[in-house]
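Structures for review follow.
What follows is a pair of complexes built around chain A, which joins chain B in one and chain C in the other.
Moving on to the complex of A and B:
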């Protein structure tokens, strides 16, 4: 099991963007890299990576998903010599964590991983070699709240933010052994890392009861009405909390919220106000980075209009 | 969210009489609703073994029926008929006919893992839902769900190239399910994106299809994955007593 060790240098980590960040989540990739540059943190792209399997491959066979994730971890650790990989996408982050857990605890999974790695011609990932962290952990461990506060050039004063974490960042608890470890650690019931970071960036954080509710991302196209219903719940709850913005930390949640906000309007005439911004976009604005470099103009919701209106751009 | 167990009683087994007297006792009306007793003879004794043989269903025997999964469930909050605890109960007892009443909604599980997170017995109810949906399709009780079509479109691209390209997955899914790509809300969304993003860039995003993302030297992995998938398919069918030979050629 990997734990936070003081020797580890989180300022230079392997970076696993994943498929979504090359497509609909392009702005998340852009803003993550822009933030890294502004903070002097080094992201080394995992060489020749593959898809982690997202939400879909596990439904064909869960062990196959474990293999796909293990290949990425094998390259980052065995071939590139890293001990930390950072994944900004909840799906990638979750799958790498789950692979670490399953290879360590389930002989059947370890066997399939070893067999497929051998046939595919690369080293089998060895448990404990690599620590997988989320982009939120990365900011927390390199800067911490104080570090963020001291680097803020343009505080997000007056911007009311609801932080939305979704499902894959905290559930199920057994694949996140480092969470729920008391003060300083992340909580699976009431996650707060994004709240902490954006509060340090000067935003006004609203108490958002649906921060770990589901957006229906697994069925965004295969059962669109259900997804729209779940997203409308999320948007209305944020509105009721007085939020201007729903801050996101996952490309699938983010595009789900944006897509179904439009779909609710087009199909059901339900209009909702909150704009969606990646937490890296909000943090980037606070660090003084321009909206274009953060890809805010690529957001579907009225994010750019909002940040302009608030004088943040 | 309370679990309305009354919904588990078949409506045709509820009888109310406008005017009825039995042994001199008036049993008319709503307050004397009768529930007809059921006699069950059609147990499928292999049901639990079959679900357990499919990926995700391995630990279904551990369930002690606490109901935490249903209580936490995202889909149950929208549709009370979506009841993981109850389906696990039916699987364990082999009550196949009863289970089939809900066959068309099992696939709607959104994999939010709220159930698996709270389950005190490590049953992995999320996995059981997937195993059950898989079982229903393999046994021919349900047609392939839109979710299965999506998973397979997605997975086939990963197996083929090592990566996916989202617009290709979307197009492939709409083609498989016979839906038009020009959905009103997708058009509305594209219009909104055009507010700040020049058409050129959007076109470039669409043209990604031409420069498909892929993982280099993926050939060996592709072959290994294909062999593994074909083997698992044979094993799954065999566990369900289905003709494995018909698929041996895959």
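Moving on to the complex of A and C:
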């Protein structure tokens, strides 16, 4: 299995935005690209990419989902010659990591992937040829905390941030072999990469104990009341921690938090204060990028107002 | 074991007057009851064993057997245990009131997740989409 290598160059990576970043998570895509440009990092879009299988395909057949993710990895590694693919969406990141794990550890999955790849007429993805990283890993590995700190033009001073990682960035633990490796590595129990990056950007990070708690994301539409209750508790906890902002690194989490914040107010009369911003939007602001270039006007919550009020725009 | 509705009412109680250590103990007991309901609902007998000193963590592990997506509340349980430790170790610490309040929110989240999962079995499956693999290791 591919491991983190200090020799590897993460400044140019294959970029797999995934479906959500072309839809509800458009601002995440926009801000990720803007941050890359500001930092002189190169994102090369995976050619002709397909859905990672998201939530739906696994219900048809988990091995089909593994194949779909493997096709993206095959294109990035075999056709484009990359050894790193960066996926900012937790769902895509999770599914690519899971596919890597499944192909390596489950002969049945490997067989299905090989057969479907042959039928589709592309090379079968070879385990270990590509390292899948998240946007958080990408910033940490290219710049590190010091690198971020040295590039800050407009520190996020006084902005209290609760970092919400959601579920798929750390669960299940065994598909993330590079995590929990001690100092410098990410923790699955208490992730901190987003905390580190935004602290380096000058934000005040609040201690938020629900950073990986379930938001009911997959049930947002089918069981809306349940999702709303879970999200309200997440928002209230952030509020109780004194947070102005909940920083996100997943389009599903982000839209779930925003949507249920509105739903809680309109349906149940529950008002909560924190605004939601992608961590790339916050980092972009600190790097001196304007809010429009970061898509902050696309956010549903009162992010733009807050940013203006704090003199960050 | 109290009814879940009774547990919810007790969790929702913003008992600012209670001493932090007493409230933390009460919250921990309520969380254990929530998990005991989950185990019972699935035909099991809630364990009295402890894991890392906590019945809560033993109950969580028991609740995961055959249901890997229940791991979606693993970190919530561990944070509850962590906050309990903080408050009981230093109940007079200036942050103790805040910590016990956070513990209350964690406890409420556990309640919402577990009662939600009792109604909608697939809750938590999203992050546990490698169910077949997890089932082997859980």
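Convention: the second predicted complex is superposed on the first by the 313 of 313 C-alpha atoms of A that agree within 3 Å, B and C clash if a C-alpha of one lies under 4 Å from a C-alpha of the other, contacts with A are read in each partner's own complex, and residues count from 1 in each chain.
FYI, contacts are C-beta pairs under 8 Å (C-beta built on N, C-alpha and C of every residue); 3 or more make two chains touch, one makes a residue touch a chain.
This is a predicted model, so every value here is computed, not measured.
Novice: Check chain A with both chain B and chain C modelled on it and let me know: fit or clash.
Specialist: Superposition check on chain A flags a clash between chain B and chain C.
Novice: Once the shared chain is lined up, is A:186 touching chain B (first), chain C (second), both, or neither of them?
Specialist: Once the two structures are laid over each other on A, A:186 reaches no partner at all.
Novice: Is A:236 touching the first partner chain B, the second partner chain C, both, or neither of them?
Specialist: In the superposed model, A:236 contacts chain C only, not chain B.
Novice: Is A:56 contacted by the first partner chain B, the second partner chain C, both or neither?
Specialist: first
Novice: With both complexes superposed on chain A, which partner does A:167 reach: first (chain B), second (chain C), both or neither?
Specialist: both
Novice: Taking the superposition on A as described, I'd like to know which of chain B and chain C A:244 touches: first, second, both or neither.
Specialist: Touch status of A:244: no partner.
Novice: Check the residue A:137 against both partner chains and state whether it touches chain B (first), chain C (second), both, or neither.
Specialist: The answer is neither, since A:137 touches no partner chain.
Novice: Just chain B (first), just chain C (second), both, or neither: which does A:209 touch?
Specialist: After superposition on chain A, A:209 lies in contact with chain C alone.
Novice: Considering only touches as defined above, state whether A:98 meets chain B (first), chain C (second), both or neither.
Specialist: second
Novice: Give one of first, second, both or neither to describe whether A:29 is in contact with chain B, with chain C, with both, or with none.
Specialist: neither
Novice: Once the structures are lined up on chain A, find the stretch of chain C hitting chain B; candidates are 25-33, 79-87 or 97-105.
Specialist: With the two structures superposed, the offending stretch of chain C is 25-33.
Novice: Which residues of chain A are in contact with chain B in one complex and with chain C in the other?
Specialist: On chain A, the residues that contact chain B in one structure and chain C in the other are 55, 58, 62, 167-168, 170-172, 213-214, 216-219, 222-223, 226, 229-230.
Novice: Across the complex, what residues on chain A touch chain B?
Specialist: Checking each residue of chain A against chain B gives 19-20, 22-24, 26, 48-51, 53-64, 67-68, 71, 112, 115-116, 119-121, 167-168, 170-173, 188, 213-214, 216-219, 221-223, 226, 229-230, 258-259, 262-263, 265-267, 297-298, 300, 304.
Novice: Across the complex, what residues on chain B touch chain A?
Specialist: Touching chain A from chain B are residues 55-56, 74-75, 78, 108-114, 116-117, 127, 130, 134, 145-152, 154-155, 158, 162-167, 170, 173-174, 184-185, 188-189, 192-193, 195-197, 205, 208, 213, 215-218, 220-221, 223-225, 227-229, 232.
Novice: Which residues of chain A touch chain C in their complex?
Specialist: Interface residues on the chain A side: 55, 58, 62, 65, 94-95, 98, 101-102, 105-106, 166-168, 170-172, 174-175, 189-190, 209-210, 212-214, 216-219, 222-223, 226, 229-230, 233-234, 236-237, 240-241.
Novice: Can you check the complex and tell me which residues of chain C touch chain A?
Specialist: Counting only chain C, the residues touching chain A are 68, 71-73, 75-76, 78-79, 82-83, 98, 101-102, 105-106, 108-109, 112-113, 116, 119-120, 122-134, 137.
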